[in-house]
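One structure is given below, encoded as structure tokens.
Chain IDs A, B, C and D follow the sequence of writing; residue 1 opens each chain.
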Amino acid sequence: MTGSHSPRAEDPARFPWLSRHLLWTSDPSKVNRLVWALVILCAGLTLADFFYHKHSHFEIEQVPGFYGFYGFIMCAALVIAAKGLRVLLKRDEDYYAPYTVESEEHPEADLGRENIDA
Amino acid sequence: MPELLTPATVYILAAILLPFVPKGIFRQLVPVLVPFAGVAVFWTLQSGTFSSFNLMGLHIGLMRIDDLSRIFGLIFSIAACLAAIYAWHVRDTIQQVAGLLYAGSAIGAVFAADLITLFVFWEGTAIASVFLIWARRTEGAYATGMRYLIVQIGSGVILMAGVVLLYRETGTVAFSQMELGSLATWMIFIAFGIKCAFPLLHNWLQDAYPAATVTGTVILSAFTTKLAVYALARGFPGTEILIYIGAVMTLFPIFYAVIENDLRRVLAYSLNNQLGFMVVGVGIGTPLALNGTAAHAFCHILYKALLFMSVGAVLFRTGTAKGSELGGLYKTMPWTMAFCVVGAASISAFPLFSGFISKSLILSASADEGHFIVWLILLFASAGVFHHSGIKIPYFAFFAHDSGKRPKEAPRHMLIAMGVTAALCIGIGVYPAPLYELLPYDVGYEPYTTSHVVTQLQLLFFSALAFTVLMKTRVYPPELRSTNLDSDWIYRRMLPAMVAGLRHVITGTWRFASRVTTTRVDRFIATIYRAHGPQGPLARTWPTGSMVLWMAVLLGMTLVLAYI
Amino acid sequence: MTDANALLLALSIPTVTMFLIAMSGSRPNIRDGISIVASICTFAVVLRLLESVMAGARPSVTLVEVMPGLTINFSIEPLGMLFATVASGLWIVTAIYSIGYMRGAQEKKQTRFYICFALAIASALAIAFSGNLFTLFIFYEVLTISTYPLVAHKETPEARAGARVYLGILMTTSILFLLVAVIWTWNLAGTMEFRAGGILEGNIDPAYVPFLLALFAFGIGKAALMPFHRWLPAAMVAPTPVSALLHAVAVVKAGVFTMLKVGTYIFGVGFLSKTGASEWLVWVAGASILIASIIALTKDDLKARLAYSTVSQLSYITLGVALANQMGVIGGSMHIAMHAMGKITLFMCAGAIYVAAHKTKVSELDGLGPKMPVTFICFTIASLSIIGLPPFGGAWSKWYLLLAAANAGQVVMIVVLMLSSLLNVAYLLAIPGRAFFAPPKKQVAHSLGAAASPSDGIEEAPLFCLVPICLTAIGCIVLFFAVGGLYEYLLSIPILPEAAP
Amino acid sequence: MPGLIEANLPALQVVLPLVAAPICAMLGKGSRAWAFATLVAFLAFAISISLFIATYGGQVISYEMGGWAPPLGIEYRIDVLNAFVLMIVSGMAALVLPYAHRSVAAEIPAERQPFFYTAFLLCLTGLLGVAITGDAFNVFVFLEISSLSTYALVASGSWRNKRALTAAYNYLIMGTVGATFFVIGIGMIYMITGTLNMADLATRIIEHGDSRTLRMGFVFIFIGVGLKLAMFPLHLWLPNAYTFAPTAVTAFVAATATKVAVYVLLRFMFTVFGFDYEFQAETLKNVLLPVALVAMFAASLVAIFQDDLKRMLAYSSIAQIGYMLLGLAFLTHTGLMATIVHLFNHAVTKGALFMVAGCFILSAGTSSISSLRGIGRDMPWTTAAFVAGGMSLIGLPLTVGFISKWYLVQAALELGWWPVALLIMASSLLAIVYVWRVVEAAYLKPAPEGVTRREAPLSMLIPAWILVGLSIWFGVSATLTTTAASRAADVLIGSSQMLWEE
């Protein structure tokens, strides 16, 4: 059931309707196009700041695109910090074994069984 | 006999009767229908305290209805109903009973007008919920459950001790606003804090939720922590320290969430982060902030349940919830994916989704009160939560690189549960007025202003941009099978090691001492035996002369006395 | 029937039962029937007395004057009445349970067993009704001796060794310390009557009070205060109904009851708190609570674990006395009832597990829950009650003990009680938790092969075992809701000296 | 006639068995002699009861032997203490003799039995005489009568075990040495006072005041009587004598002889020398107290390791004598009470236990504890009697042993000597151990293969159970004994105090 690669299952035509319309996400060039769309959207939102009266509590909010830049910088910082943190905190998956759920294989036989809870 | 018909009694009665309902559709229907009955009990009542009586000089009030308890009661009931639908396939009586008891206790605690009742239901949630973890029936789940239970009951006993002290100080057990200051209130505060997963007291959450069963996690995510938020809102509104605690709570889990592999644990971290917002709201304590807390709790329960449901469905079908093992599932589980995205959008507070109309209340309140740093932190946390919950969860589960797994779509009842939840999320987001009506305070607030929408979109899209850039540049940390150390290390590694060391020392000493004592005692008995045993001098038959000698000795002794 | 006659009747029913059982020894059905009927009659009479006592009556009967001024006197006051009610009420369930267990486990010499059992109950009731310290001491010893054959029942070398420890410690402490304390009290006060507010105030140099209290506290070996607790686990060799009797009904409760009685009616709570003489006892009891819990955690043998749990729980009651205030007395006495109900359930469950599955170790219970659901659900309920969680009786006694600690300003003891709850969770709930939810051990299944393949069928103990278990488990819940009446009743325990007539 | 008898009861008490003894020797066949001796014992018992009733209220009967007025003549002076001891002695005789019939039949050849009963009656005479007389030298005479007959009685155990002869011989020598000491002591006080009547002695000693000779006299009497009562470490004659004597003798002698000796000590110390005689107080504190304490422990410990039941009981007796001496050493009213009440209590208890031991010997042929395994099933009544007696020996409540211990501890606490109180308790724990060994062997160990043991005959069981019954009866309702003891203590203290305070 998991990881079966039978051609029948791989046949896009047999995917549900919604999935068929999302198959483009597997295509890198189309994804790239999406990225560019995102960049443009961001630029647009930054520019939008100049066209309305911003209701604010703090002065810094008046900086155009403040929210955007703050979000970008902080998120990048977050990821980089977390990456650093990983050096410090990462342990083997079975670090706490045997008293941990991670060390256990999920019972294959239980998958999808509707009468019993996995 | 006081009036005992409260929502909690309804649930508890149902739980008791459930095992006797014939198996099949009727039994499955019970957990779905009971919440309606529960709501019916309190919905029509005016504000006030009901079912109150005097027990041993303590004023007990089982059901206090006011705006704050009503909204929490309502959302708990909704969550119970949705979770029951989601768990339609579960035929495990223990889980069903535990689920009902758990929901009932949580609702009972919400309506508690006095601290005794609160304590009773507080412990009730602890006990009932552990079965949802244990029900997974693995060694690891058992151990996790035990840890969870001890922490939860620990919270309960601290609460009880606090209540005792408070009762002694003030002579009342009414559950009303308290001032931090005495030992009693601090204890109560910490008891609430444990359930609310305050920083360093939080780890039970990330430990337990991923260990529970698929359906169990959904139920768990709804009640315990929000009950704690409610209790804080009731007992400690406007307590300044809560603002900082809440700010820290919003902050640190996002770092963990980024590097965590198990998606259910990622959700647990983000749950912790969302709780932070509510705690900040309680800490600020203005009507707006408290409204924000209530609203956010309401929305949060829904979208967090939705997220847990969708990840649970994935787990249910694929047998894993680890980011490193998943990917490309949209191909066969599109509906699940869609609902997951709705949940993700809600938690990220996209406009038109529920998170947007509740989180902004808290942010505005913090800004209104001029807490600049806190406001910045909350903003950062908002971006962060989008980052790990809004993007990471759907992305790694359903897109990213194709894991090759082609599971079936989630079962129909799960889809229904997710669908209803998603509809509620969107509904609230689009049309927040009814929710605002329910909020405890009458404060006019308009979420959909241009600046609010634009700034929020800026924040979110730039965060998304950051994510994309980091992915493209491969800076983003890959999903790895790993365990990340958290504060649970203290009690899973450090304390056991210390205890083991201590035990070693004690058993060593004990063994040494007992060996020494045994030899001493043996030697002592041997000495006694030598003297008193059948052949010993004291038991032997002595010649007559020796007794005469003794007479002489005694005589001499006494005569000496006579001459002194 | 006057109250005094009812009192004598309550004492004589179990005594007469002894002889009836002895005579009907050859016909097991009649014999077992007699013990059940007797237990029900006794309980009925005790309830009748309870009613009078609640109405304010204080019946008193003097049997005989042993020495000038020293009488064997029975008089009832609320505390004793509580103990008598608990003991006689639980006798019924134990009697029913014994039938199922003794037959199920095919024990030998059942007649002797039932005789000693009835005698033990008779002496427990006599202790409850004792009007003075002397009478109490006498029946305390009778109880020790009458339970010896029960402990040694199996007549194996281990049983004999366990029984020897049992008798040794109880006898040693009672003679070496308790008797000295009793005589000392007599010496000081010239009376040994249990009197509201105590008899020692004004008769003893306050500096000596801690020593006298120590003689009492350690002399009452049945209260299992550390370090004189060893007899309790040693007595675990006994058949389970005996353990239930020892740990829930008669023996240990007689111990803590004596403790309460001495604290309230000999020293007087006011006197104790005024002199601060019980301060050390607070700490000893606290240490006992924690250490016993920790030891319990390390025990794999089910009954041994329960035994240490009892040691710990008994110290709760001692702590209640030592805190020396009204709440302590109320909490302590309440805990007699609450703990009795919970612990008897636990022991009966342990026995049921033994009868049905022949398992005695906690580690062997994995996966047994679904086979014996009723037993383990009752076990869970009782555990929760012992831990002190709502909605089970134990929560209330803990509440009052906490209140007592708060009143006495002993914050550390509050912490001790809290920690103890958590330890209780760890060692008690782990048992049903594992039984229901831990996966069955693989290697066991492997080694036993197909024969041990898990059958889904329910394999419960005989009905005679199950019904009492359910009754007491429900009792744990009922006690939570019925606490109001109990509290009102306990308030009538006189704490202050009566006004001079 | 009844009036005449009543007036001469004190004399009859002694004369009756004395006259009966030679008659008994002439009766020939065993059973007849036994019946006669039993009858005499019962009569003596009846007399002692009536004397006890007469003196219980506090009256003192003074009887002048042969009409010679004291201090020249011999006076029988009976107060509640004498009467109490008389009752113990004659009562034990009355119970032991019925018991003796079967027991003696098994241990002594039929043709010797009349002599045995003669000796028995003589012994009774001696003991009664010691207890009743008010004349110091007369005490010595009666003491020797009883001792000499006891030597003979002990020696009569030689048909069962030859070692009885050496034991008797040993006892003879030692007893004589003791008697000599005693008589030297009496001689010394006679030197000072010129009188032998105790009441008279008391007054004259006061008049005379303390002197070295008086002290000497005291010391010799103390040591002499100490030997007779088996005061540690002068007890060495006792274990063998008790072990090898016929059971009936052991039961009787153990229950009475040492008690009478204790009585003599009490009488001399408190009536003659006076309760607050300073040197005496010193001796008691420095010599008797430690000796008593050591006896309680050393003898009990020896008893623990003994395999022979009779020997174990013998050592336990030494320990119990320690209790009596301890009560004495306290020198308080309660202490004396404890001693006096223990006289009775121990007599009853030990008598019962030795009788039980005799039953065991009769059925099992041995008194070795290891061969008593599983005997509880074969001889349930006998063993039950042992358990009950053993509980009394330990001092469990509702038995007489408890009453004694109660007063003893009470006395220690009154003085504030709480370590002594704890020691008393600790030594009774030792009693648990040695009693327990027997109980465990009897009930908990499997019987040896191929041994059949029949329950003892009723004629032996009933006396044993009567004693057990008494030990429980007077444990439950001790008012009679304690009141008697209390009044006896009053007599001892009161009379002398009155004298010294003048």
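Following the convention adopted for this analysis, a residue touches a chain if its C-beta (ideal position, glycine included) is under 8 Å from a C-beta of that chain, and two chains touch if they have at least 3 such contacts.
None of these values were measured; they are calculated from a predicted model.
Taking the mean of each chain's C-alpha atoms as its centre, the chain lying closest to the overall protein C-alpha centroid is C. Look at the CA centroids: the one farthest from the centroid of subunit D belongs to A. When chain pairs are compared by contacting C-beta pairs, A-B ranks highest. Work out the mean CA point of subunit A and of subunit C, and you get 61 Å between them. Taking the mean of the C-alpha atoms as each chain's centre, subunit A and subunit B sit 26 Å apart. One simple way to say how far apart two chains are is to compare their mean CA positions; for subunit A and subunit D this gives 102 Å.
Rounded to whole angstrom, the centroid-to-centroid distance between subunit B and subunit C, based on C-alpha atoms, equals 36 Å. Annotation for subunit D: no residues touch two or more other chains.
With touch defined as above, residues shared between interfaces to two or more other chains in subunit B number as follows: 135-136, 138-139, 141.
The list of touching chain pairs reads A-B, B-C, B-D, C-D. Put simply, subunit C touches subunit D in their complex at residues 64-68, 72, 137-138, 141-142, 145, 152, 155, 160, 167, 171-172, 175-177, 179-180, 183-184, 186-187. Taken together, the subunit B residues at the contact with subunit C in this complex read 55-56, 94, 119-120, 123-124, 127, 130, 134-139, 141-142, 145-146, 149-150, 153-154, 156-158, 160-161, 164-165, 167-168, 183.
For subunit B in complex with subunit D, the residues that touch the partner chain are 528-529, 531-534, 536, 538-539, 541-542, 544, 546-548, 550-551, 554-555, 557-559, 561-563. Taken in their complex, subunit D has these residues touching subunit C: 394-398, 403, 405-406, 409-410, 413-414, 418, 421-422, 425-426, 428-429, 432, 436, 440, 444, 475-479, 482-483, 486. Chain contact summary for the complex, subunit A toward subunit B: residues 1-5, 9-10, 15-19, 22-23, 25-26, 35, 38-39, 41-42, 45-46, 48-49, 52-58, 61, 65-76, 78-83, 85-86, 88-96, 98-104, 106-108, 110-112, 114-118.
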